[in-house]
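Labels for the chains are A, B, C and D, by order of writing; each one numbers its residues from 1.
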Amino acid sequence: MKETIAEGSDVLLYLNRKRTYLVKVERGKSFHTHKGFIQLDSLIDKPYGTRTSSNLGVEFTALKPTIRDHIFKTLRKTQITYPKDIALIVMYSGIGPGSQVVEAGTGTGALTTALAHYVKPTGRVHSYEIRPEFTATAQKNLKRAGVADYVELKNKDITLGIDETDTDAVILDLATPWLVIPHAYRALKGSGTLVSFSPTIDQTVKTVEALEQNGFVDTETIECLMRRMQIERGKTRPETLMTGHTGYLTFARKALGE
Amino acid sequence: MKETIAEGSDVLLYLNRKRTYLVKVERGKSFHTHKGFIQLDSLIDKPYGTRTSSNLGVEFTALKPTIRDHIFKTLRKTQITYPKDIALIVMYSGIGPGSQVVEAGTGTGALTTALAHYVKPTGRVHSYEIRPEFTATAQKNLKRAGVADYVELKNKDITLGIDETDTDAVILDLATPWLVIPHAYRALKGSGTLVSFSPTIDQTVKTVEALEQNGFVDTETIECLMRRMQIERGKTRPETLMTGHTGYLTFARKALGE
Amino acid sequence: MKETIAEGSDVLLYLNRKRTYLVKVERGKSFHTHKGFIQLDSLIDKPYGTRTSSNLGVEFTALKPTIRDHIFKTLRKTQITYPKDIALIVMYSGIGPGSQVVEAGTGTGALTTALAHYVKPTGRVHSYEIRPEFTATAQKNLKRAGVADYVELKNKDITLGIDETDTDAVILDLATPWLVIPHAYRALKGSGTLVSFSPTIDQTVKTVEALEQNGFVDTETIECLMRRMQIERGKTRPETLMTGHTGYLTFARKALGE
Amino acid sequence: MKETIAEGSDVLLYLNRKRTYLVKVERGKSFHTHKGFIQLDSLIDKPYGTRTSSNLGVEFTALKPTIRDHIFKTLRKTQITYPKDIALIVMYSGIGPGSQVVEAGTGTGALTTALAHYVKPTGRVHSYEIRPEFTATAQKNLKRAGVADYVELKNKDITLGIDETDTDAVILDLATPWLVIPHAYRALKGSGTLVSFSPTIDQTVKTVEALEQNGFVDTETIECLMRRMQIERGKTRPETLMTGHTGYLTFARKALGE
């Protein structure tokens, strides 16, 4: 049975690799772009993947938004936790369906969305954020991505303590991760994973020192560089522009006793 | 309630970042390393994360194997689908709990293990492998990682066709991915994701051309470089040795009609 | 004896790392920037390195232009032979004072300037360029950099042949280097060096094949990635933006006989 | 007139990219390799680039050693100032024929060899080294590379002071560059260039701070990653192994007054 586009659901209108639009399909509405407008009515009950044309004859494809698309759309321009880092955080943290995860800070919810996607349906993400203005945005983004039920948003300062215990992973993307390490130790199960993302070397050094002083083992720090390729017979080459740095990722595991 | 180490289960004995051992905890057995032996009896019913000493007084930590640990242990020396690539494949493919995934080739099952972990409990991985000698190894590795129930191993040549239809993703790590693209198109749902991993530029060019000729859109090729950091106050620096290349990752989405 | 700024000579007015101006010091003239204007009179007979202020009180430093500064100022925005590649070309080519070098294409003369600087005073650069509109620009740039006497600019198509023989190095930065390889072989001394810079993989493959079919040995291709660091206690990190690709550099040596 | 191999001169015997031998051509001697031996007599008066065969019929090419070959042969396994860094140091320092350069530490003379090559015949390199055991080795290497006449080797601790004044560049590759910065300021001409190479972030931060406190401007720090490519139609790809880090390069210019 083909999965079709329901009224009220989201589609990702794909024009080209640099232009995609996350759009809610509503009856009687149209969506305007610099390449003309698209009658959204015409997409209802069509299968995902359908090609459609704007009134100017330009072709768009109505894709089903994946978790990756939701994450990309949730990122702000200034936000540096890029998808490649999110991918590494998820896999190196060892989480999966059923995991209990603590996260801080929530921000606009990009990393939260990814974590919730992979722990659902039986796991939970407990996400701390000190700045109340972000909570509404994150809630909206999580809802749109279909993962709000698996997240508890907490408007609390995680440097003052973590409510949860026996968790599988604590994941930190905030300015002073080293202040959270002692709390993270108490919040984790034995053998649980800590992950910290920091743009600067100085934050990373302080975090690694805190990990070593607080009973963690298997500490490792990496950075990841991603480069896009232009693939075309006779013209194949890496792209000229590249993001040279997002941040350093640090991983560690909780050991018991001493 | 603390999770404890059961008789017959696996632990990851951690000595240092370069020496970890995946060991089955059996009564009356001991595990021998160049740093002495460990009585496995003593770990039974202890919580994961317990520190223990070898008879030579060297400390090990008994960690609970995560999916990442299973993937690492499943990789052969000569195998180039490194964990960073697996992490990107998983996230960029958009799969999650419940997804139907086709994969080829199985090899020793490292990528299969990751895919199965993220689609469980309701999803399935249908994994094709032409070389029968790999099937037994892969089956053993999947079982040890606890994900064998979510995988169908198929000793078939995927370049001749794909049995499944309406799948969410087709993931290729084999020598001639371009031969599989027409089959992959038929096996995917509209908007479904194709991912291909290839070490050489030439394979990548042929694959991208096949994608463009077979109704795929949103084609993108990336490469990812990972560098380890030595973090130590006064001595912080990237590590000298680095893997300079594993392969290129190509992603695309199935569009319908033309 | 201090070296001082003579009337009619160039200075590099340094405001910050992103704003430097190559300016001719003329009596009675001033130089205007968005940070005010500078009376050039005031610099005459001052030593290089002198700090001066604009009429708005903003400090500039009057540096002596080095060969590197001339190269940077000679580059066009669209030109991809970046300084790091020029540095590698110079050293890997093995040239030095006294070398005889063939180069194509001249372009605006950035690489020509570097080559001339290192072969002077007794060596020569014979630089081929098919597009006459570039010759005047290159000539002006070489003159300003003080190396015009060591360069012979030739408005000729190097794919049709090379006039020189017994040269030490042939250096190619043009669209079809493989067409020049047989000519380069004849133009080089035994053991002489060929260097080719190409943005695409396809150009590089064709060039390497031509080298192997035309009596060259020790063929090697590299690429070089350069990343700027932001160094500041507590905020140290790589810069976010980076040039991800300029081109591939191929090196080879002429062997005699077969 | 062809340049021929004189008795008593060096040739670089090239077997393949990983096997080259710097050999003195002496009458009546032979050179032994794992691919058989070569009668050196037979090379005398032949032109450079001549192909020759070992007694086992394996082909070697007798290349003329370039400055790059001498630098490579001078490097120790443990030495981290790789050729790419030397190339950048030379070009970014702005030196050329006639320059006066101060360098520390000499080590085995790899960087010294490069600097001397580019400042000859009228310039000089004043090279400081505190460890006397290196002086003899460096002297031997400089002689073999033909640049000993352009170098003054000084067995002195540069952190205690620099004898020279009005120099064009000061180039530091030692453990505590920040201790040398005030001396370097006095040793340089106005507008002269300082270059420092350090493996760690911590050394780099201290050096940049010292530069900013001692009257330098235009401070910039970079790192350079070099990757080899395997170029072969149908199998083109970057090489698997790569040096991930050698060190950070810092550049600055001396400004006068304040």
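The rule is short, and it goes like this: a residue touches a chain if its C-beta (ideal position, glycine included) is under 8 Å from a C-beta of that chain, and two chains touch if they have at least 3 such contacts.
All values derive from a computational prediction rather than experimental measurement.
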Partner chains shared by chain B and chain C (touch criterion as defined above) | A, D
Chain C and chain D have mean C-alpha positions lying a whole-number Å distance apart equal to 20
Rounded Å distance, chain A centre to chain D centre (Cα mean) | 46
Cα centroid separation, chain A vs chain C, in Å, comes to 44
Residues of chain A that touch two or more other chains: which are they?
-> 201, 227-228, 233, 236, 238
Chain touch graph shape: choose line, ring, star, complete or other and state it.
-> ring
Chains touch one another in the pairs A-B, A-C, B-D, C-D
Hey, which residues of chain D end up touching chain B in the complex?
-> 80, 199-202, 227-228, 233-246
Chain D touches which residues of chain C in the complex?
-> 1-3, 14, 17, 20, 47-51, 61-64, 66-69, 83-84, 86-88, 90-94, 96-97, 114, 117-118, 120-121, 166, 189-193, 201, 204-205, 208-209, 217-229, 231-233, 236, 238, 248, 250, 253-258
